[in-house]
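The same subunit A turns up in both complexes below, where it pairs with subunit B and then with subunit C.
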Partner chain A sequence: MATTTTSPPPQPQSSSSSPSFPFPREYFFPAFFTRQTNITIHHAQLTKWSALILAYARHHRLFRITISAAAESDLFFNRGIDRRLSPPDIREVLDFMRKDGRAEFLRPDGAADAASAAAAAAGGDVVFLYWRKPEEWAALVEAFVEETAQKGSVLTVYELTEGENTRGTEFHGMDNQVLMKALNILVKRGKAQIFGSEDSLGVKFF
Partner chain B sequence: MFLKHIDLTTALRPSYLPDEVLLFVQDNVGLYEGKFKLPNQQNGQVYLTSHRICYVDKDEPRKYSAALNLKEVDRYEFYAGFLKSSAKITIVPKPLKRSTLHNRVVSNTGVNSRGSTPSPAPSDNAYTPPSGPPSMTAATWVCTICSFSNPVPSNFDPTTANAHTPLPPCLACGIKPTLSQVLKAAISTASNRPAATPNASQSGLSSQEVSSPITPQSSDLLTFDTRVGSGQGKPDASVSFHCPRCTFSNHPSLLSCEMCGAPLLSQNIPSSISSSEYIRTQSPGPVKDSNSKTSQGGTDFAESVKISFRGGGEKIFYERLKSAMTQRKWLLQDAPPAPKSNRGMDDSSASGSPSTPVQKTKTAGIAGLEQLGLNMRKNNEILIGSAFEDLEALMASAKEVVALAERFAQQVNGASGDVTSKDNSILAESAHQLGLITTKDIVGGGSSESLYFSELARNLAEFLTDDSRGVLKRAGGILTLVELWAMFNRARGGVELVSPMDFEKAAQMWEGLKLPVRLRKFRSGVMVVQARDRTDDATIKSILAWLQDLHEFPPDRDVAWDWREFGRGVTAQEAAERFGWSLGVAEEELLMAEEHGALCREEGLEGLKFWKNYIGSTDPALLQKREAQEQADALIQRLKETGLIG
Partner chain C sequence: MSRKGVGIAAFDRSRITSRQFASHGSSLRATNAQALETQLAVFRSLLQQFAQTHAKDIRSDPSFRAQFARMCSAIGVDPLASSNNHSSGSGTSVWAQLLGKTVNDFYFELAVRIVEVCGATRAENGGLIGLSELRERVSKGRMEGADSISDDDVRRAVETLKPLGSYAVVTVGRKEYVRSVPRELSTDQAAVVEAAQVLGYVSVGMLRDNLGWDEARCKTVIDDLMAGGMLWVDKQTKGEWEYWSPGVMADAGTDGEAGV
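Showing the complex of A and B:
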């Protein structure tokens, strides 16, 4: 696991080199790709799709997807049975995940670190997938800092995601914007402080 | 018993005898016997038909429903009601012995009423022309206008008859006889009986009484019986059989007189009838039990029956009862179908009586067939010709004319080769047999329209559940209301059509009337009719069973998915074919199953298909489990990454 080294633009275009993702049973059920009208079934469908997307993203360590491109990926397009989830339905599933706090649409202007994340509803093509929520990521980073006794020291963001020290942790190779969201949570809690300019951001943990 | 238990149809209406016509219905009535209320028959509907008065209880219809035959009615009185006492109609039975009454009932409901009517006439009346056809009354009077022998009405009593006694008109020409004429005929029949009995004046009109083996004056009958018995034992042609009308000696095996066509008696029937009659007496309905005890106690008169009209309608009932009593439709059934056949013989000596055209087909081959066709056409011609001669005759032969018209209609339809029209004609025919004639004027006007609707609802239920027609069965047990409406109105033959509004209202009453059909409304607003026992669950179950079967049988072409696991999707079309539903119904049923969560949908190039729901429902327990699993996974992963395991 976690062998991907060139992650920053993690487009799910091609299934990565990691062992193939074990799709759930529903993935091979043709009716799974049609939006259900029965509310109960529809809810179950959304839940299952959301679980599938998260599991898929976790497997391939996807932090963000582009809807138009993902629609062609084997996540939403089962070539084996020639069934696909249509883009509007994908959007609906992602919106369902957003309400659950498991996804977030990237705002078109790119201001990803906006506090009002939920307000950036539909419209964007790029979606963050939170198979771990930012709070969870924040907890992980904090735990890492604690473990490695780096409290009080300054780390660059690059160090956190690409540095040798973080190799083996989950947030190694993490998407920058997602990491920034996590770090911002720590800042709010007063556990960290971010400084520096766009390119070379530094974080000081307390 | 005066009141007899009756059979009800599936829709809890009295099942009618052949030829019986419904005249009037009124709800909210109660029954009295003598002065006392019958405890279990205080709330029900009364059906006046041409033959009977039927009471159908509202609460326990199968148990407490009863009927009395109009032919056993001596007189009826009207009581208009006073203050709190509601209007009543009292019906007084004839002072005849019970066995006699029963004998008649049996003989009338029998398949061959002519042959089965017992009469001693052949033996002792052989030389008296006026006592002709052995109908229920031995006495006949000969019409002075058309010389047709009419039966003297059974309730005609020479001792009490006066100028005001209603007399039925001649069955053939419709001219009323004079009282003296009928009186003479009745008396001559009575006096022709050799063994004069003390109650001859009373029993003179009822031949059955004589035939019953327990009556004293049957000594002469016994000899007749033995003679007949010997004639049966060895079929000896020398034992001839005298025609009761023309005295021609017929061969004993003949059923009708060779000379005049009058029906002869088959000898073994009287005994069988009397036996069945005793069986009847011993198995009365639950209400009559107490009754029978009192009558066995010695009273010859049965208690009069009162019908109490608490919801109004008594006036119309009385009027209709009066006309039914005057018309005496039950006589028509027993009367020989002579008028038509006699005329036919008069008009054209070539063809025989229409009732027995088969006997004429002696010639074989095509010529025989042609002859048969010719005869039939001629008969039809005669029938139509005579039927329209005057109004009474038309009434008398109405049955035949209707049958003829229906046959013509069928032939026309058959020529066009249209399957649906053939279906329709069959429907129409059976509808006619059923007596589908609940119309607004039959139903009591006193109460609101609800009685009409409930009657219509019962009518519909009968129409739907009638096995011979199988309306529901053919439609796979489910039918849209519109289809039923069209079918029902077509079955009515274009008259007395039911408006859609009334129809819907009637259909909505099924639930309340506990009828075996129910009205169902689909989500889309489509209303369908189905049997009560076919619930949604049953339908879903059958659909699922079908889908489960598809797991076993490979699809007709290769499919990409694992059909062993998921089966395949079905379209509404397929479901319609599978279950015999109409397409609209199939779609609604599938949607219904989807709504219940049993099916899920797949929209694709091939249209909307339905699958068994493998997506499942959101089960909170399942979700929690999944989350726990995720956490466990994450833990394992983290442990792996930190190199603690694997």
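Showing the complex of A and C:
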């Protein structure tokens, strides 16, 4: 290959306009879809799946998946080679990601403490995928507020995700629940205050 | 030979002649060695000249580098061997002397990358990685307009890792691998690894039919390789389970594999 001294070509990733996700090589490896028995390999397998899921979610801007539905999607079902990752195995990968802070099982309302997280992990069907962790989203929102000089002003949650002003930012159109997690982090740090009721939440940034 | 010289003086004479032969021989040997030495010196300076004029090509063109290395080894100069373990203890290799370290460093840097890639992939392939796959991964890691790498370079770089013990290039069947664990493949294991090159996988039935082994033997070898991390099981087959070589993972995605 000729030496390329020019600037690196821009990566097409995360430009959600391109619909086809470039699957990695392991996606075409039949045994990748069977839970490996060797512990070392299994760990490597989980790591690879985790990377694949996050890349896939980032590409399609998926903030949450429903395990039963996702099991039928091309993420976990490679129809080309007729191999699929079974729901229990998917769950295991997601649990692996949860320990890494890259996924979170949606808890039933009310059970909001960490102790029940494991219990929810066993049963929950909806999972948040953190290709950006809530802290990272919080940082993005904070930077946006800083940049647009909106400290001290009040923004609605709707404005943040759907408003004209946030068009072009990473969090435009993001999942409300994930955004709330991010905003709550800012609240804890004393950087924001949330008020209002369920459907018309407002945020004030400091 | 005539029968004269039976007298006592004959002993003396024979002693003298043998001494003369010996001294003549040693002087011949000396001149021979001297001639060889000058030849070598001339050759060395020529090689040096050659290496200097073509240093750029040697560094940038992998096939040229390979040819040069092959030429060196053909004439018995190991360009990579650091001479401090040989008699002429100057401490640097021929590469380093000839090219001001750059080629030498090239291989050492490459070796470092190889160690990195082997370490990163060991969990998925059990420490056995295809030579060309390794090359591909190493080249992918070095972007900033770096020169391309050939299989030959990888082979040489792995050679420099020999003192570490566990690194070696092994040939199984018609494919070369770099082994980064201190574990030798048994004959049976090598046979299975080789069999897996054909379709990318093996199965108990396949081994039984092709190698004529009984089922227990097939299972044992497969289990051993699985335990070593060198095979991945695929249970979603229509029939019996298939055991895949993780090297396939590398080959499947990209086309245009430059097979050497």
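Descriptive notes on the structure:
Just so we're on the same page, the second predicted complex is superposed on the first by the 177 of 206 C-alpha atoms of A that agree within 3 Å, B and C clash if a C-alpha of one lies under 4 Å from a C-alpha of the other, contacts with A are read in each partner's own complex, and residues count from 1 in each chain.
The working rule: contacts are C-beta pairs under 8 Å (C-beta built on N, C-alpha and C of every residue); 3 or more make two chains touch, one makes a residue touch a chain.
Bear in mind that the values here come from a model prediction, so they are computed numbers and not experimental data.
Superposition of the two structures on subunit A shows subunit C clashing with subunit B. Residue contacts after overlaying the shared chain place A:51 against subunit B, while subunit C stays out of touching range.
Shared-chain residue A:100: touches no atom of subunit B or subunit C.
Within the superposed three-chain model, A:125 lies out of touch with both subunit B and subunit C [touch as defined at top].
When the two complexes are overlaid on their common chain A, residue A:24 makes contact with subunit C while staying clear of subunit B. By the document's definition of touching, neither partner reaches A:159: not subunit B, not subunit C. Of the two partner chains, subunit C is the only one that A:84 touches; subunit B does not reach it. Contacts of A:169 after superposition: subunit B is touched, whereas subunit C is not reached. The clashing stretch of subunit B relative to subunit C, chosen from 20-28, 524-532, 542-550 or 632-640, is 542-550 in the chain A superposition.
Judged by the document's definition of touching, subunit A residues 1, 25-26, 28-34, 36-38, 40-41, 43-45, 47-48, 82-83 lie at the interface with subunit B and also at the interface with subunit C.
Interface of subunit A with subunit C (complex): residues 1, 3-5, 8, 24-26, 28-34, 36-38, 40-41, 43-45, 47-48, 82-84.
Residue ranges of subunit B in contact with subunit A, taken from their complex: 559-562, 565-566, 569, 594-595, 597, 600-604, 609, 611, 613-618, 623, 626, 637-638, 640-643. Here subunit A touches subunit B in the complex through residues 1-2, 25-26, 28-38, 40-41, 43-45, 47-48, 51, 80-83, 168-170, going by the rule given at the top. By the touch criterion given at the top, residues 60, 123-124, 126, 139, 143, 145-148, 201, 226-227, 229, 232-237, 242-244, 246, 248-250, 252-254 of subunit C touch subunit A in their complex.
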